[in-house]
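The structure under discussion appears below in the form of structure tokens.
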């Protein structure tokens, strides 16, 4: 139950956030042509135009359809065309065929966005009016819609990077620098003692359903690496012949290497003795000080084995990161070893299969399909990447991809059991 | 050896034709957006932008590179990027990935066309100059290039039709009527007596190498249908349960039906008891008087078997059509049965596998890859379609596609052996 | 370090066990013809002849090669031919082609077994001699080899069941009754309180490396079903339309249903209104009181969701089962609810992805490939089945299969979180 | 209408032939074990046991079922189980799963053969009785059945060769020499003048429906090679780098090479600088004087192109071979160039796609499926091979396989157009 004054504050700030998130999506599409925005480079990746439409579809279908008086869809076919995977909403256009939709055009999708925005803003203004008491569900759904759109903002970057990587001309997405400066300090280990810890989202603020419920977990003593594995370190692994040595790989990973003829991270290129990396800024020389990224779970696992370490569990990752956050508040932290590159460089593969937390309950209705139905045959990644919108991720955040996926900014943070 | 005056005439008229053919390609792209021109709907079909670039590549690679003083390519990577299948030219971008090339943009490809046109026109002006004696090869290659471009004009229409057919909104390529009026007269049979006939291109004018050499062939007496099988006739075949009766089909055709769940021509749609057809003008009610098209060789063969007839050989087709052409010149043809819909409605499947004529010699060099290397596991279609540029086809013309291909305007003309 | 007297006892009893296990494998092949033993019905399943040879290969390669004086292989090619997946041993015949090996014949493989047995028995007699002090590794490897062979005994039955299920004549493996009598009592729930529990093999006796190290785990309070889901219960799920309702399924499971046209457990057959099940005794009427088996993880998960429960974690399963075992020793257990069908009916899918226990270390050398390299994209099953050799399984035993596998005797035991 | 005396003679000799053909099939299986006879090495090849059963099925289904009083099938399921491809007979067991049928056993299939033989012999004795006037159809069907069985005798050898070739132990089918002595004389050219020739079966004796009707054909002047291309000649082609030169190949052939990693004929093996060939006698050193075999149409075509020749049309082949046969009867043939290796060494690829002869009519009923429905996307081979039963083939015989097929004894005879 939200009282009127709270509602005013909540919905006013939600309106600000709505406008900011929605315009950020458009800004990401700004360097791209209509053609760049239309094409789909593989079934896992979606066209930019589809992302722009689908995120609007989310607001139209889950919010406007329910809360708008006299709801009338922008286009009756869009309900099917831009449904991603919600069986509860009805039929959907097949994922692998999203790139065949040359019409509606990008301009029409921008019109769609504008209309949805106008209607959403009207709804938010009413909700923020002093005499109005909106339903808590409205706030929750809008917040979910904005977090959903931020997830798609990251996907827009990973998907367009994949598209451009398929072009033998190696075009850049932008000339603007997309990452913080590189700096690989000497790797140190952050020790965490054994004990029962609490895992999962705590306190206020938004989280996805898969971060709940917060629950207890027993961890053995362990250590977590202070930074991600660097390109230089990963290159040593490549040069050591690791991609030709089955003893370093999970059996399924080894088969995957052979079947796909894989010998290095996804966007690496070798030209004689030099190594290059395709990035959002085009093809650049491989920078040994940057974090190695675009590796699969199989590669992360093999690297860890080769280096005498292992991947952390997601509980270990969250426990160590939360501990640092808690301690940071206290005085006298100078000199202690710190975990860096937690949220802004690359998602960090854990050895935890993506599964429900004890007591997990998906939301009722179609939005309940958001997370739960994907909890099989995927591995959890923690942290965030250079493509994650600032403020979007948090320490309890659970990203997840299949063990062979590489087109995300996926990286490696090592762990080891305490001696 | 071309003497100067002839050359003037030849190259002046070639210049006119060059400009006309090249602008016709651009006109075909006119109703389409950048997005429409970029996307590839299946490996067999190419993006419009690729067609526009590749036809320019043909002139640049086979003519400018050889005849232009101080040749410098428009872009060094285009040689690979827009090579279709000429191993003699070197590497090529894989066919199935043509649709991933969002850059160069459509505008850049139009610049490429303009520059190639300017350089080709300069070459043609020099060749047409009174004091200049150009090589006969130049004329032959330009003529080949123009006929090549006309083939791609037809493919532009069939490929964009396929692309749009994958859009659940059923968008039209154009509102402009793309076909002559329908009119299915009562089917009659044109009888041809047995004898040795000559097959292959004769007389002057251009032809492709696969139409040569003209050679003798013995034909048994036969009859050829006066028109193509109509939609109404083909619908009767569908309604008779033909797609469920293996006895009507070639074994491989039957397997193909089952594997692809096929029960009607490619662009037909059923909604309750009504039938529709997706066309360049969008989704329209099936017109029983029009010719049935977008059928595979398997379907054409099965229809012929069901109707108690058969498909003609390509020699029968050419012999009957040439005979009519020859007789037409003579007096007193009134009242006789005529072959209609020869060149302007739909390509007509023959039962002839695509093979070399006796004594066939492909041209030397990379252009020799034009036709010969495809002479296996394809069937010959004769005639022409509503998408064929006027004047492009002729009675000796040999089109060819695999037995399962349906995205061309492929139709059925029946034959039967004389009683 | 084993002292001589201990060694005498250990190796004498090992010799008995060796003879008993080895002859049990031959007994399983007894009802089968040479043809039955040669054919491979899918890449996941192996021919019986291959199982008979590979289990001998294990002793020859890992034990005789190391411990036998003047080792000479039975046949030099067998090292490659019957290597299953040990990269450390060298090349191997591809798994999917095991069924093409018609030679060596079954009789030759029986000769191979006999020779290996004679050599192993000689080795064991020497080891059991009073004056001899054998290495502990020898005992460990023989014990591993016998447990390995018992695993293959179960696979012989599941693989031959799959082979015979592909025969439209529905032949029986045997007339001998292969299962205990059916009896589905009313399902009850066994409650387990929260707390830190120890998981993993404890005490003496053999275990596989993946059951170690024993370690602590925190469990929330939960309840485990007293028996497996019965055929009658699963049939209700089928009849309720569950296979047509995407809301019950994991997304990947739903796609798997569609792609493979699945609507019931693997060996069920419907004929009008009657249901049958193909078993080792041939096709029999579906017995509602027996446990439903040959279901995938996807089906187990969907059934649990439909019934308002969930699958247990492997820690929950082991904790509840161990607790019952411990309490059983105590007095006054009359009247309490008991877990039945733990080890002798069907392997029970857990919701735990197969992963290393904290501190897991695979053995050195090629035998280290036994378990660790399969710890990805598989789910743990606990318990045992009617095909498991008596005494082979135990409460800490971890079986594992991919989420779509169904040819094992895989069953469902429900769990639920405590209210 | 057969009068009684003729019938006596006809059916008496048919009985002899029946017994001879049927026992020849059993003789082919004699060197093989039950396991050898059960396994299927690829969908194109069938198990020996299946061949033995299917050829009996042919007599039971097409003859006994029609002509036997009180027909009762040996086993009701065999009608489906051993139906190869006759839709007119009803359901059939899928081709690719023939190898999964371990039951009925080989012994049971031999019983099936014996019973069918006894019933067929009874039928033949009645038909040969002086007072009985049998239907001409009976004679025709039995003759068809025997020729059908002879075709399967060849397939038994090609299929078992393929099976054994998949065994890394290289086992021999038999020690008995399976081929005539090698002898590659210097290649000469047999010239044939232009003209209208008659093609197709003529005169008395059995032929398959696809050899009819005999019809006229115009041939240009051409020359045909006196012998097949030898292993030594083909090895020169391999060593010249032909498998790496796309200009020698049909486009589809080149793609097939790349996709399947092909660099020599199917059963060739290279070990350092020596070449071996897997044969029915096991692995032997490549004999340069023998004919190159187990090549695809693509390879035959590429070899011909490389050598400056081409493949003959089937009309050319038949015309040249018939001409020699006709002239051989005349006096004074000494000294002239002769075509050798026509029928006993290897089937000879022609460049003719397999198609109906003008006026071709398949037989009524299910036996009409024998040939006609395969007339698409296959190429005709003429002659016969070392695996063809003596007397089975003839100059008008039309064998046919897809362009990539290699497991038959397929060879190359060159042709060239007259200068």
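Each chain carries a letter (A, B, C and D) given by its place in the written order, and its residues are counted from 1.
Basically, a residue touches a chain if its C-beta (ideal position, glycine included) is under 8 Å from a C-beta of that chain, and two chains touch if they have at least 3 such contacts.
Given the structure is predicted, the values throughout are model-derived calculations rather than measurements.
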| item | value |
| --- | --- |
| Farthest chain (mean CA position) relative to chain A | D |
| For chain B paired with chain C, centre-to-centre distance based on mean C-alpha positions, whole Å | 61 |
| CA centroid of chain C to CA centroid of chain D, Å | 48 |
| Centre-of-Cα separation between chain D and chain B, whole angstrom | 38 |
| Those chain pairs that satisfy the touch definition | A-B, A-C, B-D, C-D |
| Parts of chain A lying in touch with chain B, wherever the complex brings them together | 33-39, 41, 49, 77, 80-81, 93, 97, 99-106, 163-164, 166-169, 171 |
| Of all residues in chain D, those that touch chain B in their complex | 85, 87-88, 196, 215-218, 220, 246-247, 249-254, 297-298, 301, 310, 351-353, 355-356, 358-359, 369, 373-377, 403, 417 |
